[in-house]
Amino acid sequence: MSSGLNLLIGISMGLNLLALGSSRLPSLIRVAAAQGVVLGLMPLLMEHHFSWLVALTAVTTAVVKGVVIPTLLRHAMRAANIDRDLDPLIGFIPSLLLGAAGTIAAVALVRVVPLLPEHRGLLLVPGSVAAILTGFILLIARSKAISQVCGYLILDNGVYLFGLLLIHAMPLLVEAGILLDLTVAVFVIGIIVDRIQRAFDSLDTRKLTALHE
Amino acid sequence: MMASVEFIVRIGLWFLLPPLLPGIVNRVKAWVAGRRGPPVLQLYYDLARLWRKGVVLSDLASPGFIAGPAVAWVAVAGAALLLPLGPLGSLLSFRGDVILLVYLLALARFCTAWAAMETGSSFEGMGAAREVSYAVLAEASVITAVLALSVQSGSVSLARMMEPAVGSGGVLLAAGLFTVLLAENCRVPFDDPATHLELTMIHEVMVLDHSGPPLAVILHGASMKLLLYALLLVQAVVPLGGLSFPAAVAVLAGGVLAVTVGVGLVESLLARFAFRRVPLLLTTAFLLCLFALLVAWNGGAA
Amino acid sequence: MTQYFLIGIPLAAALAAAAWPDNRTRPWLLPATGIVHTALSLWLLVSPPQVPAGAWLGFDPLARAILPAVSLLFLACSLYGVSYLRTRSERSNRVFVAGLLAAFGLMSLAHQARHLGLLWIATEAVTFASVPLIHFNGTPRAFEATWKYLLVGGTGIALSLLGSFCLGYASLQGGGAGDLTFAALSAQGVALSRPWVLIAWVLLLAGYGTKMGLAPMHTWKPDAYGEAPGMVGAMLAGGVTTVAFAAVLRVRAVIDAAGAGREAGITLMVIGLFSMVVAALFLLGTRDFKRMLAYSSVEHMGILSFAASIGGAGVWAALFHIWNNSLTKGSLFLSAGNIRRAAGARTVDEVGGMSVLTPRSAALFVTGMFAVTACPPFGPFFSELLVLKAALSGGHGMAAAVFLGSLLFPFFGLTRLVFAIVDGRPRTAARTAGKLFPETAGVVVPPLILLGLSVWLGLATPSVLHTAWSDAVAQLTPPVK
Amino acid sequence: MTDGPILFVAAAALLLGCLLGPRFPRLWIALTLAGAAAFIAASAHILGGGEPWEWRGGFSVGGEQLHLRLDGLSALFLALLGVVGGAGAVYSRSYWSDAQYPRSAPRGRALWSALVVSMGGVLLASNGLHFLLAWEAFVLAAYFLIILDPDSAGARPAGWLYLAASHAGTLCLFGFFCGIASRTGSWDLGPMRDNAGLAPLFWLGLVGFGLKAGLFPLHVWLPSGHASAPSHVSAILSGVMINMGVYGLVRFTGWLPVPHEAGWVLIFGGAVSALAGMAFAVSQTDLKRLLAYCTVENVGIIGVGLGAALLGSEQGGTSWGGLALAGALLHVWSHGLSKALLFFGAGSVVHATGTRDMSRLGGLWKRMPKTAALFAFGSVAISGLPPLGGFVSEWMIYLGLLGAASSRSPAAWAAIPAAILLGISGALALAAFVKACSAVFLGASRGGTSDHAHESPDLMIGPMAALAALGAVIGLAPAPLWPSIARAAGAWRGPVGPMPWAVLALGLCNLVLAGLALVAAALLGRRVRDGGLKRAPTWSCGYAEPTARMQYTVGSFSGIISGWFSWALRPQGWSQRPRGLFPARAHRFERIPETVLEDAVAPAALGVLQLSTLVRRLQHGRLRFYILYIVAGLAGLGILTAMEARP
């Protein structure tokens, strides 16, 4: 089953690169959603014996990340009638290379930190590091508010991925954390995207630079 | 009782003798120039005449205009009384009386400058400015000389300091002090008491508006200052300690005479310097005293 | 039992506020809650309850040493809030009051959280609860500030969650049974896997440091403090930051126990001094007096971290300084809010001569300025002296020199800016300010109370606080084996 | 043990004055005078041979038990504080009256009491924490007094400069006292010479206290601060407040061990301060600036005395060391009194004419003779001329230096240059004060405001006369004062020798001299009157109609000396020379910059500001860079931890 898990992680890594490479907002949103769904399903695979709580978390995560947030974002995007292209600070090719390099580095880096025997074979840690890195690159390199939200989501996915290491030992922490994170994130992102778009009728964060020294 | 008598005697001496010196100086100048100059006692006559005269007072002058010369005269007299007179020793000797002496002369300067500024005349202002400015350099030399003497004698009271050691130090000190004497008493090459071209003078120009008794007091004070410096110089470089009383007196008188003649000779052989060269000369005097100090230091060390 | 009321009452009040129909009377919920809460927490301060070792939640020495300060600050802000919201009657304050109360309740929760996860959840909840407070003014600038606050803060939260995971993993490796209470973690001690502990420390410090507003993660602060109403700024600077700092202290205790105390101390000291220097440089030049307060807050967070990094007496001084910072900074924010509303502007280019327009607030502002710049007889003077003494006793001579230097330059910046605003003759723009913003007792007394408390705290620190801080230090420093 | 109640009365009276002063001016005068009198009484008791007073309060302030101590040294300063504090209060009654300054006068009264009481606290505090407390308190009180006049343009920048400099000094003192506390484990102060580890702290103390005392080149705040403050404030600033710095230096060089260089640094720093201060003073055209720079000089003289004393005690209790210290302490008094007197005089001039610019004054003696006489008196005293107070103290310091020189001790290498520099600065002082007196009071009015000047009311003359009388006492009767001075000096590092007979002799000389001077002046005056007195316009070499404009200006009076020191003063001049046969207009404008401030401090400040602008650019409002900063911070912390963690 660890092979199946690694497969999913590999997919999510691929999705990272896809996110970095996607040049249009809708596709970026789609990628983020897909990754959310993929990760959401993971706990089910990790379970040896079925538990309602874990299943609930998994499904909620999948639904929220796969459906709710993307819808919200699409809605905002339409309402804000902004052009779908995201002109990046760092070009797509460079960010792709950066992301790839980061992933490789992550895989290499993991060798130095000790892991529990049952996690030895898994790609969880590199996967999460890669996702976090991607999230940061998107946050830094993309200028649209929505794209930054996507970056933030992928960053969260990375954290979530790491949390899976602990899901047996301390499920409550992980799940409560993740769920709260999601709900509040959705809630707040919804509001903010809505408000911003009403105030500026554009989601280009480069316009949000009134506050400076 | 004894002390008061001595006090009176000294006052008398310091009252009577000083006006002789300018007379001698003028005599020497006349002799060098081959003229019959004024009599040696000329200044006595002038003082007497001035004392009887009335005063013309500037409208602007305050009482300080009169008080200034008086206080200045008292200050110089006090300094004079502190000075030991060779074998007679000094009237009152204590640690640091030398500082008092130096600062009494400064007080006198303050008063004359004050009196000069009273009238608001630009000439007197000029003179006062020059006086106080050049005094800065002269003061440095004097203090250095004092330091040299005190290092040399290991004491800080005039009576003991006036037992100098002859030698290169003495010569340097003599040269330095002589220059200071010329400067402080406004003689050539710093000043020219003979001319009456105000722009070229320091002391004379400060007293332009003085007349009558105050002027007499000022002139007498000036002569007293000259004698004071002469005595200081002689005792600072000529060791009188070993001599018998009459010999000492004779040497002292001779020394003073020599200094006075020297002043006269300088006045008749040198021309007055341009003012911008005055600081140069005074700095030289300062350096001379400084070298004297170094010599004294090493001499003591050796 | 009482300690749960500390959390429950504000949250209940928040619900009540959300349901409350009348816009005019709703604000009175604030002082009501504040009075009860303050009374409770002071009572707990005097007679602390026993906290079972394994409890996830409890009024333990650290909470006892900090939480009452937050209650006092909230009390003052709530009194201020009534008059303030009356002047802002044009907009609905439903969300504002509810959010403020909720944030306050969650702060009380975070301060009492003895469990890594619980602490994280509470902190995050506080962050999100304070979002509506920041864009209360509803201006585009307010939205921008909120947006930045959210994304920067959110990133920090993600980091701290990751850090918590790492610490959890470290305890797993140490053979832990998944118990994440700080007591249990500290008990594991050196058994915790060192690499993971170090990683966890870096992530947690960065994460909670973002909430504290340590440079270079402070970027959200000037925007948020600048755009939020004065009382919100006071609560953020005096309440939320202390939550994050308490979190850092709790985590550091675990790191110490795990035998990585030296690394933790040095990183904490470096980032603290770095924050102070950066804040000093910002303060020298800034022209906006509300952003100025934000940078000053960054500076004081730096002071706290520096003090905490020394350990022992340093931590004690840090706890003392938390109180002083909360009280003085609170009064400064409130009086600054008055001036801001009266002048209708925030930069020296537009504001001047406030000593003529709003004499009382101006006097309070100047006094508060001297208070935060460690002038006696106010509390910061004493606590900063203690910090310095601790640093020198600890042999950190160079660090102490940097510390002193970065106390000097902020003083230059603050005095220049404050006097420029207070002195001189009023700008034409703000001529009518006196009528536009009446200096009622409601907006002048609360900051005055805070200053008075700060003086009292400095000149005659109550012995109960002495013991409270000493107990907290004892709780944080690992028993030597 | 009678001092406790007296001091309590003093504190109570002053605090009461602080509270009630704004409302009840008369009551305030009474209270302040009572407080001042109590200060003087307590100090007199100590200096008169009473047991040093020490008291530990039952309660604690700021977590530290209250610990007060009044010994000879602090008593010396406390008495001066009382004298100037009281005199200034009376003076301000009509100088800064409610009628003229309805807004600021009440505030000024409260602040005055606060200033006096907090400085008293500094002198009494024997606990580091409380020392700093009182220190900061009087710093702030003085700041608000400097900016008392809301309409004065120069006051605010000057006040800010003062505040900034003071805070820099205070932070040094933070380090100083925290250093003591962290090494000894307690904030309590007292003799701790045996604890050698404390020696390096001297440097912190030197900067901290030197900034307050205004030692060159730490004097940057002093000229503008003293010049633009109201004159009664300038008087207490210059007469007492800077002496708080002096007190700190003396007190803690006495209580703590000092590095070997300390004496040398102090003596040379003092000498340089004396010379530079006077060089600047001579060439000022602003009366109060001149006085301010003169303060720098006198602090330098005190520093020289203290340095000589340190060198003396390093070499084991030499008599000259004790003399130098006694001189320094006595100079605190003679300078404080005469400087306060001079600032009061300057205040009267400003009060009467509305200007401090000497080149626009002149001939005031006719309109304000009392002020003129008192100012002249003060000038003689502060130029260190016999027979007045300034001379006696300088004379003692000279004795110390000459003693070091004549005994050929190693210290001579410092003493000899110091003595020469003192001599030069003395002559400069003379020039400066001849200039000041003559420009302001003598000659003809240079037109403008001084034509309709008026003599100051008695409430302003009275305090000046009192100060003058005290100064005269120091000059004419040093011998009776010696035991007190010796007690004060004894509180430093152990007793100084018995009174040298010279002091008695000097007092005698001064007395006789003063008497003779009066007699001579009287005689000459009578002679002049009897000899027939004729008034006439100034002769000025036969020029028919002299005008006031033709007087020698202040600038030209000091021209020669300014020329000598131009390398340090860097005078800036703009002049339009007369052209053509009938020149229309010609003028010359000259200003002496504050060299240290404008050529050293300002550029440094500018550099820091530029750095700050650079850093502030980072807050540009672009969110993604903010997140980049977070990543950077994370990376930095990670790297640091990794480096530290590597075994």
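Each chain carries a letter (A, B, C and D) given by its place in the written order, and its residues are counted from 1.
Keep in mind that, in the parts below, contacts are C-beta pairs under 8 Å (C-beta built on N, C-alpha and C of every residue); 3 or more make two chains touch, one makes a residue touch a chain.
None of the values given here were measured: they were computed from a predicted structure.
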| item | value |
| --- | --- |
| Given chain B and chain D, the chains that contact each of them | none |
| Winner on C-beta contact pairs when C-D is weighed against A-C | C-D |
| Chain separated most widely from chain C, comparing mean CA positions | B |
| Whole-Å gap separating chain A and chain B, where each centre is the average of the chain's CA atoms | 99 |
| Inter-centroid spacing, chain C versus chain B (mean Cα positions, whole Å) | 78 |
| Centroid spacing, where centroids are CA-atom means, of chain C and chain D in whole angstrom | 44 |
| Cα-centroid distance, chain A relative to chain C, in whole angstrom | 31 |
| Of all residues in chain A, the ones touching two or more other chains | 139, 148, 205, 208, 210-211, 213 |
| Contacts with 2+ other chains: residues of chain C | 147-148, 151, 155, 222-223, 282, 285-286 |
| Pairwise chain contacts under the document criterion | A-C, A-D, B-D, C-D |
| Touching residues on chain C, where the partner in the complex is chain A | 116-117, 120-121, 124-125, 128, 131, 135, 140-141, 143-148, 150-151, 154-155, 157-158, 161-162, 164-166, 168-169, 172-173, 176-178, 180, 193, 195-196, 199, 222-223, 226-227, 282, 285-286, 291 |
| Touching residues on chain D, where the partner in the complex is chain B | 362-363, 365-366, 369, 372, 376, 380, 383-386, 391, 395, 398-399, 402-403, 405-408, 412, 416, 419-420, 422-424, 426-428, 430-431, 433-435, 437-438, 441-444, 500-502, 505-506, 508-509, 512-513, 516-517, 520-521, 523-525, 527-528, 531-541, 546, 548, 550-552, 556-561, 564 |
| Sites on chain C touched by chain D in the complex | 147-148, 151-152, 155-156, 159, 194, 198, 201-203, 205-206, 209-210, 214-217, 219-220, 222-223, 260, 262-263, 266-267, 270-271, 278, 281-282, 284-286, 370, 373, 375-377, 381-382, 384-385, 388-390, 392-393, 400-401, 404, 407-409, 411-412, 415-416, 419, 423, 458-461, 466 |
| Touch list for chain D against partner chain C, complex | 60-63, 129, 132-133, 136-137, 140, 156, 160, 163-164, 167-168, 171-172, 174-175, 177-179, 181-183, 608-609, 611-613, 615-616, 619, 621, 623, 626-627, 629-630, 632-634, 637-638, 640-642, 644-645 |
| Of all residues in chain D, those that touch chain A in their complex | 616-617, 619-625, 627-628, 631 |
